[in-house]
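As structure tokens, here come the structures.
Below are two complexes that have chain A in common, paired first with chain B and then with chain C.
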Partner chain A sequence: MDLRLILRILPDLLEGLKLTVALAACSLLGAAIGGVAVMLARRSSLTLVRRMAIGFIEIMRNTPIMVQIFVIYFGLPSPGLYPDAFPSAVAALVLQNSAYIGEIYRAGLASVNRTQMEAALALGMLPRTALWAIVVPQALRRVMPALGNQAVIIIKDSSIASTIAVAELTHTGKLLLDRSAAPYETFLAVGLLYLALSLTTLFAMRLLARLLPVRA
Partner chain B sequence: MAALMAPHTAAADDSRLDTILKRDKVIVAVSSTARPNGFVDDDGKLTGFEIEFARQIAKSILGSPDKIEFVTTTVDGRFPAVLSGRVDFGISTATIYPDRVVRLAFTRPYVDSTTLVVVRKDSPVKDIAGLNSPDVSFGSTNSAAMVDRAKRYAPLAKAMFFDTDTAAFLALRSGRVTAVQADSAMANYNAAQSNGDFVVLPGQLGNLNGNAIFMKPGDFTLWLCLDTIVGEYVSGSRYDEYQVLYQKWFGRAAPAPRPNLTH
Partner chain C sequence: MNTRFLIGAGRELVLGVGVTIALSMSVIVVSTSIGLVLACLRLFGGKPLQVAVASYAAVIRGVPLLILLLGGYFSLPYLGIDLPLPFVVIAIMGLYFGAYMSEVFRGAIAAVPRPQWDAGRSVGFRRFQVLWIVILPQARSLCVAPFLNTSLVIVKNTSLVSAIGEWELVTAGREIGERTTDVLPVYLALAACYFAICFPLSWLARRVEGRATDV
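== the complex of A and B ==
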């Protein structure tokens, strides 16, 4: 194990890590917002909207993200659209994770006992106020661990962006490996950086959950 | 003298060549996405120049071109495959490169490799000098030599490095990149197969390289065996067989024998 090599390649890896953080942050934010839309569509009283949401969720959950990223990046030029590699990767991560996060939100809402809503309404609250003031905060608190897991999945899946030439952490690691022919040192360093990023994200999500005013 | 010889004797005893002979099969890392060197044909069969050359090595060592097992790897998986001991050696369009020889052992080159640039036929880029422009997006695989060439010869262009040559040429076809640099064999092959959509720019990018068999360092016996076999094909007693193989896959005559060719 050549520790000096690890120190030598670390600055390049940190450059890749910056792009991984940007990729994961944009994707997580997009998927958190997209998940709300998916959840609302999935709970819609309109059958067509509900069925479209189910179709979207099943397509996204049951196709590999590699396929989705290739369809966006290499497929969209056919109708004349040329999104860059970075937004293409973000779009693929957002689409797939919106489906998962939408289901997480839906499960969170379903987990709050119906009596909570009934009690709020009995006290004279409007249904919308009861939903946002009573049900949603409790549901949010409950879904935070699952959202933390999803954030870690996004961080790890962001490595797939290397296939379309986004110079994120894995892409940089592969190049350094090709140059040095030192797989153990290179991917030990890459793995440790992913681990550090994932643990930091999980810690931040737990902290965020504690800051929420309502106990689940 | 005995003390000096001892390590060599031990190394010879521990050679992977003995394992190969006992196993009666060589295990080789190859590419399956690098036409015409190693790829899967329409019948689903792994074939190409490097595949057939590896079979010739199996024939030289074990007497049969069929006593071989291929392990297909991506560009980034080829070196770990040999360093981890999963395969005996690799033959996978690997260029001898100064940074690599610290941790890998290369034989002498089995083929000279130049780098060519492929563009779409309607491309505004007409020569290699035209690549150095901010309007150009310049693609290739994500390998050290390619990255260095892109930085050196087209520093103003937007460089894009893909996992495989297949993805790089897909990017060229879909208009994602303006130009792709590739190993000469692959560049010519892709241009020939494109029904006239792609053209190869005149001239080569950078210097002449050598593609060589690579293996885990420290096994002199196996290295000497492989290096000698390569030498016999490219410049010695098996040169006529090498010529046939070269003509078949590259569509032109092999370079003349160079008996003194070394690293």
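== the complex of A and C ==
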């Protein structure tokens, strides 16, 4: 174990970490917005829209993210589209996690007791106001822990972008290994950086949950 | 869409499905065994053991599987350990998902209401008897759904072992893709193969989830 080697490769790894953070942040943001669309479609009053949402969720839940990345990056050139590696990885992560986060939102809304809505309506609130002022804030508070977990899953899954040569942390580690031939040091350092990023994200999400107006 | 590759190369996809299922089942068996041991240590071991197991689970949850696969694959030869690749893959994935499985079992045992323990003790059972006769049968039905969900994650994550050269479904798909010019149908077929393996698992998990709530 050579600690000096870790210090020497650290600047390169931090460059990779930057791209991992960018990848995960774009994907989380995209999926948090996409999740709203999935949730709305899943709760739609139109049967066709609802069925399509269920189909989308099932396809995303039951196929590996790696295969989704390959379909987009290697598959789309067949019909003539040539997406770059980074957008391909973001697109796959956004698609898959919109399905998961949509279900998280749905469960959060369903967990708010129906009587909350009824009480708000009885007080004379419009349904729209009751939803946004009473139900959504409570649901948001309950959704935060699950969203934090999903953020960590996105960070970990972003490592799979290394298979299509996005120069993120895992890929940087693999390239450095080719030069240094020091596998423990390299992957120990990479693993610790991922761990630090995951823990920081969990902590940040918990802090964010504290800032929400409604407590659990 | 060109699906003629299925006639020529369908056999390879079927073989890939077989390998992925065999790999997944081995990992599920290994990680379940490790998970059961870890859950028992976490619940009934001394304080230092509990802390050790909890930190192991916390570390595993924060590190991508791909890093452990790459790290293990490249480090083992330097340690003088030369095992066949499938063993390495099953061992690393078993250790990784053992941490997740331990949480599944610990959660299920902890979810059995506390009064069940007290009631068992007050009838005159010893602690171990309460666990074996009263708690575990109830925990068993509680852990089925999370167990199936973790198994689903395991099946999907076996795709990662293609990154260190273990031949399975993704490798089969890539090999077919490299020999044709129209790649999209090949990768869609690959996704369909995974769907065919995973959908029954997630369907079952959801059915069981609905039923376990009345425990």
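Everything that follows uses one rule, which is that the second predicted complex is superposed on the first by the 216 of 216 C-alpha atoms of A that agree within 3 Å, B and C clash if a C-alpha of one lies under 4 Å from a C-alpha of the other, contacts with A are read in each partner's own complex, and residues count from 1 in each chain.
Please note the rule applied: contacts are C-beta pairs under 8 Å (C-beta built on N, C-alpha and C of every residue); 3 or more make two chains touch, one makes a residue touch a chain.
Treat the numbers as computed from the prediction; the structure is a model and nothing was measured.
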> After the match on chain A, would you call chain B and chain C a fit or a clash?
Replying inline: clash
> Is chain A touched at more residues by chain B or by chain C?
Replying inline: C
> Of the partners chain B and chain C, which touch A:L140 in the superposed model: first, second, both, neither?
Replying inline: neither
> For A:P183, is the partner it touches chain B (first), chain C (second), both, or none of the two (neither)?
Replying inline: both
>> So in the superposed three-chain picture, is A:Y82 touching just chain B, just chain C, both, or none of them (first/second/both/neither)?
In response: first
> So, A:A92: does it touch chain B (first), chain C (second), both, or neither?
Replying inline: neither
> If you stack the two complexes on chain A, which partner ends up touching A:N62: first (chain B), second (chain C), both, or neither?
Replying inline: second
>> One more residue to check, A:A32. First (chain B), second (chain C), both or neither?
In response: neither
>> Quick one: is A:F74 in contact with chain B, with chain C, with both, or with neither? Answer first, second, both or neither.
In response: both
> Looking at the overlay, what does A:H171 touch: chain B (first), chain C (second), both, or neither?
Replying inline: first
> If you stack the two complexes on chain A, which partner ends up touching A:I101: first (chain B), second (chain C), both, or neither?
Replying inline: neither
>> Counting clashing C-alpha atoms after the superposition, which of 20-28, 74-82, 92-100 or 182-190 on chain C is the one that bumps into chain B?
In response: 74-82
> Which chain A residues contact chain B in one complex and chain C in the other?
Replying inline: 74, 77-78, 162-163, 174, 177, 183-184
>> Help me check something: in the complex, which residues belonging to chain A touch chain C?
In response: 58-59, 61-68, 70-71, 74-79, 152, 155-157, 159-160, 162-163, 170, 173-174, 177, 183-184, 186-188, 190-191, 194-195, 198-199
> Tell me, which parts of chain A touch chain B in their complex?
Replying inline: 73-74, 77-78, 82, 85, 162-165, 167, 171, 174-175, 177-184
> In the complex of these two chains, what residues of chain B are touching chain A?
Replying inline: 75-76, 79-80, 83-84, 97, 99-100, 102-104, 139, 142-144, 147, 160-163, 167, 170-171, 174-176
> Which part of chain C faces chain A closely enough to touch in the complex?
Replying inline: 59, 61-68, 70-71, 74-75, 78, 152, 156-157, 159-160, 162-163, 170, 173-174, 177, 182-188, 190-191, 194-195, 198-199, 202
